[in-house]
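In order of appearance the chains are A, B, C, D, E and F, and numbering begins at 1 in each one.
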Amino acid sequence: MTSNNDLPTALDLPMVVPLPEDTQKYFDVCVDKLGMVPNVLKAYAFDIDKLNAFAAMYNNLMLADSGLSKLEREMIAVVVSSINRCWYCQVAHGAAVRALSGKPELGEAMVMNWRMADLDARQHAMLLFSEKVTKSSAEIEERDRQALRVVGFTERDIWDIVSVVGFFNMSNRMASATGMRPNPEYHGQAR
Amino acid sequence: MTSNNDLPTALDLPMVVPLPEDTQKYFDVCVDKLGMVPNVLKAYAFDIDKLNAFAAMYNNLMLADSGLSKLEREMIAVVVSSINRCWYCQVAHGAAVRALSGKPELGEAMVMNWRMADLDARQHAMLLFSEKVTKSSAEIEERDRQALRVVGFTERDIWDIVSVVGFFNMSNRMASATGMRPNPEYHGQAR
Amino acid sequence: MTSNNDLPTALDLPMVVPLPEDTQKYFDVCVDKLGMVPNVLKAYAFDIDKLNAFAAMYNNLMLADSGLSKLEREMIAVVVSSINRCWYCQVAHGAAVRALSGKPELGEAMVMNWRMADLDARQHAMLLFSEKVTKSSAEIEERDRQALRVVGFTERDIWDIVSVVGFFNMSNRMASATGMRPNPEYHGQAR
Amino acid sequence: MTSNNDLPTALDLPMVVPLPEDTQKYFDVCVDKLGMVPNVLKAYAFDIDKLNAFAAMYNNLMLADSGLSKLEREMIAVVVSSINRCWYCQVAHGAAVRALSGKPELGEAMVMNWRMADLDARQHAMLLFSEKVTKSSAEIEERDRQALRVVGFTERDIWDIVSVVGFFNMSNRMASATGMRPNPEYHGQAR
Amino acid sequence: MTSNNDLPTALDLPMVVPLPEDTQKYFDVCVDKLGMVPNVLKAYAFDIDKLNAFAAMYNNLMLADSGLSKLEREMIAVVVSSINRCWYCQVAHGAAVRALSGKPELGEAMVMNWRMADLDARQHAMLLFSEKVTKSSAEIEERDRQALRVVGFTERDIWDIVSVVGFFNMSNRMASATGMRPNPEYHGQAR
Amino acid sequence: MTSNNDLPTALDLPMVVPLPEDTQKYFDVCVDKLGMVPNVLKAYAFDIDKLNAFAAMYNNLMLADSGLSKLEREMIAVVVSSINRCWYCQVAHGAAVRALSGKPELGEAMVMNWRMADLDARQHAMLLFSEKVTKSSAEIEERDRQALRVVGFTERDIWDIVSVVGFFNMSNRMASATGMRPNPEYHGQAR
């Protein structure tokens, strides 16, 4: 928020001009669906290969089939981003939790203190594990994975939980360390 | 190391059989060049889309053109993995630092305590920043980025440093939380 | 949020019935002005002496004359509550920052990562000091106080900053340790 | 201790002169009973409303009826102050533990390491909870409160424990951040 | 304090009976000079070789010639023991600081918060360095040693500071992990 | 590694010249057996009394009879040194674990993340306890010692575990704070 120009981060890395046709289409779809191009995509657009690699991984992780619902994946995203205090990701994915759940206070609780949310045993175990993987992954032991199996998660589900936790530990650092600004549209969504 | 089977992690997620032709070729190249298929690739091979997304991002990050040398990227990888105490990544990328630098003790120092290595001002700044992004990314401020510019890093270089730091904060958690085992071949390499 | 009754906390400590006349008037004023009686007041109302002592200190601190604006005091309240991850106080005082500033994103930034907010030197120094007093008060030295004087704070202002930081370090623990639930009305205010 | 004047803190905030009659009486009672006016009261006496609000809350908390003995409240005070390493509060309330218990070594243990004191199950649970509320209140869950009920604490007792913990988390920060000096008389008391 | 027998620690390791003549003489000297045999010596006396090795290192470190006064060495001992919250060492060496300095409040400040003591630049630098070596020795760099040289410490003095810090990081863990009880005589000394 | 002279640390404390006859013999034995004089001995050799006290304690601890095997003592040494990130001790004692066990990967695991090693219940308990004594000795309670007894450790074994943990918490700080350089011969040993 300290810069007065249009760059999505604090780094002077403008988007390629013009964007390749596929990228332009992708961005147009974003505007249609979301009302904006998320700044994280603009930030990567100085290098289309990097943008494509990021988008492919993101879409596979957050949108493809999984034993985790999209809401659950977004809940993990916000809890991880809250631990890491990532401004961009808490804003953007907090909005997603509000929208997908229809419960504004659930998005708030994921940001502020997930333990205070009204969760069932499955979601409590999922977030407790996500917190430990974020804070002290080196101490994860078999019993931590077992605690997920006990509440019904499959091997593949566990992989997916870990993947979402891992991904946001990456993107939180990308956003915070580059000074990435969230699009202002997020703040008022689904309140 | 606690499992007695051939799975690369503690999750029961076997590779697809048979592997798609492209994947098999990729794995054959690994065997030719490295003498093995790194277990991280086998771990992802239960789902070829996920494997491809991971490999595309990894290859772009660690092997594509950059103002950072391949050795510098591997040094960052090991320092991040040491902070997170990731068994798999310290083993595999520690070997890479030894091989690329021709200095076994440099690989050791990245694992054990990077401050004790014999580094020039550029590399010291790079690793100090990488450490801060790993430990407390929310406290990164403009002056942290400025400290990189002062020793000669470009805007694009800073993006690349952050990307490598971010990536290993993801893959460290993937490896530790799934109990990923490093291939034993790494231990003796480039000693 | 785990309890299904009307108590404001997880402790079985109902309000005195009937409330003393003065207390009832105070609560009526709350309803008139805020549209609700904040749950923190209901929580204390099992013992009117305790309620009065709490309200007297709160009102002196947050509403009486001070070199700090009401908005600044609320900004400190939210930053402290964010560090302590207090659900009740982030919800209630986050709403106050949004309302007093007219900038919803400022309330969000105080909750999520104050360093990412667009602050002048005075407010940056104020929040940096508040963070240090919250996290490591034993390491406050004269130069920390001096950093406040340099940006224009008086001796009395410093006392007031410390008092607000101290107060929310108390009330955060009161709220979190008793499982205090924020009134749902706060979530949608001033978005 | 670095200042050579008579101010009770490092802030230049002298007491109002003359003190209001009620305040002067209160201070006279202190001298009669304690042999001094505690510096914390002198520190607040630059503003009589603030002094009164502080004293009212303190007296209600530490001296009024409670299921916790005065000694137990002082034990909590010292344990919290030890975690926060507050010079003023450890000195003043350490003396109180020595005096109320008649056991100098109990006061020492509360300052140095409460786990090494000879405690019954009730007091052990009380201090373990107090430590957690001080260090990580956001992680308090129902089972933490339940552990207090199991050893005999009532709902009201739990409120009182939390209140004392909260209060000293406030006053520790007031004292440390303002550089408050303990009255020298405390050091030799009840040894 | 939880054991009701005469053993100096929580381990069932009684002294050899009878003590060798030299050991008995050493213990007799302790009684003459100190009025007791410090429990740490009794604790080691289940194995005379271990006792002798410990005593030799202790005596060389704390009593032999050094550019550091005995008081300064004891100040370091208490600050380290306070950070590690060692019950035995804070009690025993806190008494030594009170006795050697003639200032009871200095012993208290070393236990409670060394930053609040009235120290000159030399002693402030010495304790700041001791704190860092205790908490994060891996981050010590040349400039930390240089800060000691600037206030007048020699190369040998720096070695001695490090040695005392190191020694108490050892003995704090010996005492805490074995449940070592301080002799009760210490509490009232030099108050 | 930043110094270009022959001193074993960053302090200008050269060995006494000539060495006393006994010391010279000791160093000659080192060269015969190890192919070098370990730099830690050279570092202490500016003062022969200090060298002798250190060597006596070290030899008693690591080489004398104990219920712990020499390998187990070295495993503890490396785990402690890894937590403290001591460059010298991880290099030297990591080599010892590799040599004594004949398993290079065991030495690596002790350095990188002991939880990932293939350990039996006895060794797991031993290292878990060692980690806790290193990180938070003040929180050791009877049940921690009891967990060692349950897997077969005697009272004397517990003392020995604590002693090794304590010793390396001392020597890690000696080495890191003086900038001690490991002999280069260690890196390639027993790979």
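Note that a contact is a pair of C-beta atoms (placed from the backbone, for glycine too) under 8 Å apart; a residue touches a chain by one contact, two chains touch by 3 or more.
Just so you know, these numbers come straight off a predicted model, no measurement behind them.
Engineer: Give me the fewest steps it takes to get from subunit A to subunit D if each step has to go to a chain it touches.
Structural biologist: Steps on the shortest route: 1.
Engineer: Touching both subunit B and subunit C, which chains are there?
Structural biologist: Both subunit B and subunit C are touched by A, E, going by the contact rule given at the top.
Engineer: So which chain is farthest from subunit A, going by the mean of the CA atoms in each chain?
Structural biologist: When every chain centre is compared against subunit A, the largest gap points to E.
Engineer: Over half shared numbers or under half: where do the identical copies subunit D and subunit E land at their interface, same or different?
Structural biologist: same
Engineer: How many degrees of rotation bring the Cα atoms of subunit D onto the matching Cα atoms of subunit F, given to the nearest 5?
Structural biologist: 120
Engineer: Please work out the Cα centroid separation of subunit A and subunit B, and write it as a whole number of Å.
Structural biologist: Taking the average C-alpha coordinate of subunit A and of subunit B, the gap between them is 22 Å.
Engineer: Roughly how many whole angstrom separate the Cα centroids of subunit A and subunit F?
Structural biologist: 44
Engineer: Out of subunit E, which residues touch more than one other chain, so two or more?
Structural biologist: Subunit E, residues with two or more chain partners: 2, 85-87, 113, 138, 176, 179.
Engineer: Name the touching chain pairs, would you?
Structural biologist: Once each pair is checked, the touching ones are A-B, A-C, A-D, A-F, B-C, B-E, B-F, C-D, C-E, D-E, D-F, E-F.
Engineer: Which of the residues in subunit B end up touching subunit C in this complex?
Structural biologist: Answer in residue numbers: 138-139, 141.
Engineer: Okay, in this complex, where on subunit B does subunit E touch?
Structural biologist: 113, 115
Engineer: For the complex, which residues does subunit F have touching subunit E?
Structural biologist: Against subunit E, the touching part of subunit F is residues 2, 10-13, 46, 49-50, 52-54, 56-57, 60, 64, 84-87, 133-134, 137-138, 140, 142, 144-145, 155-156, 158-159, 162-163, 165-167, 169-174, 176-179.
Engineer: Please output the residues of subunit A touching subunit C within their complex, sorted ascending.
Structural biologist: Residues of subunit A touching subunit C: 1-2, 82, 85-87, 90-91, 104-105, 108-109, 111-113, 116-118, 176, 179, 184, 187-188, 191.
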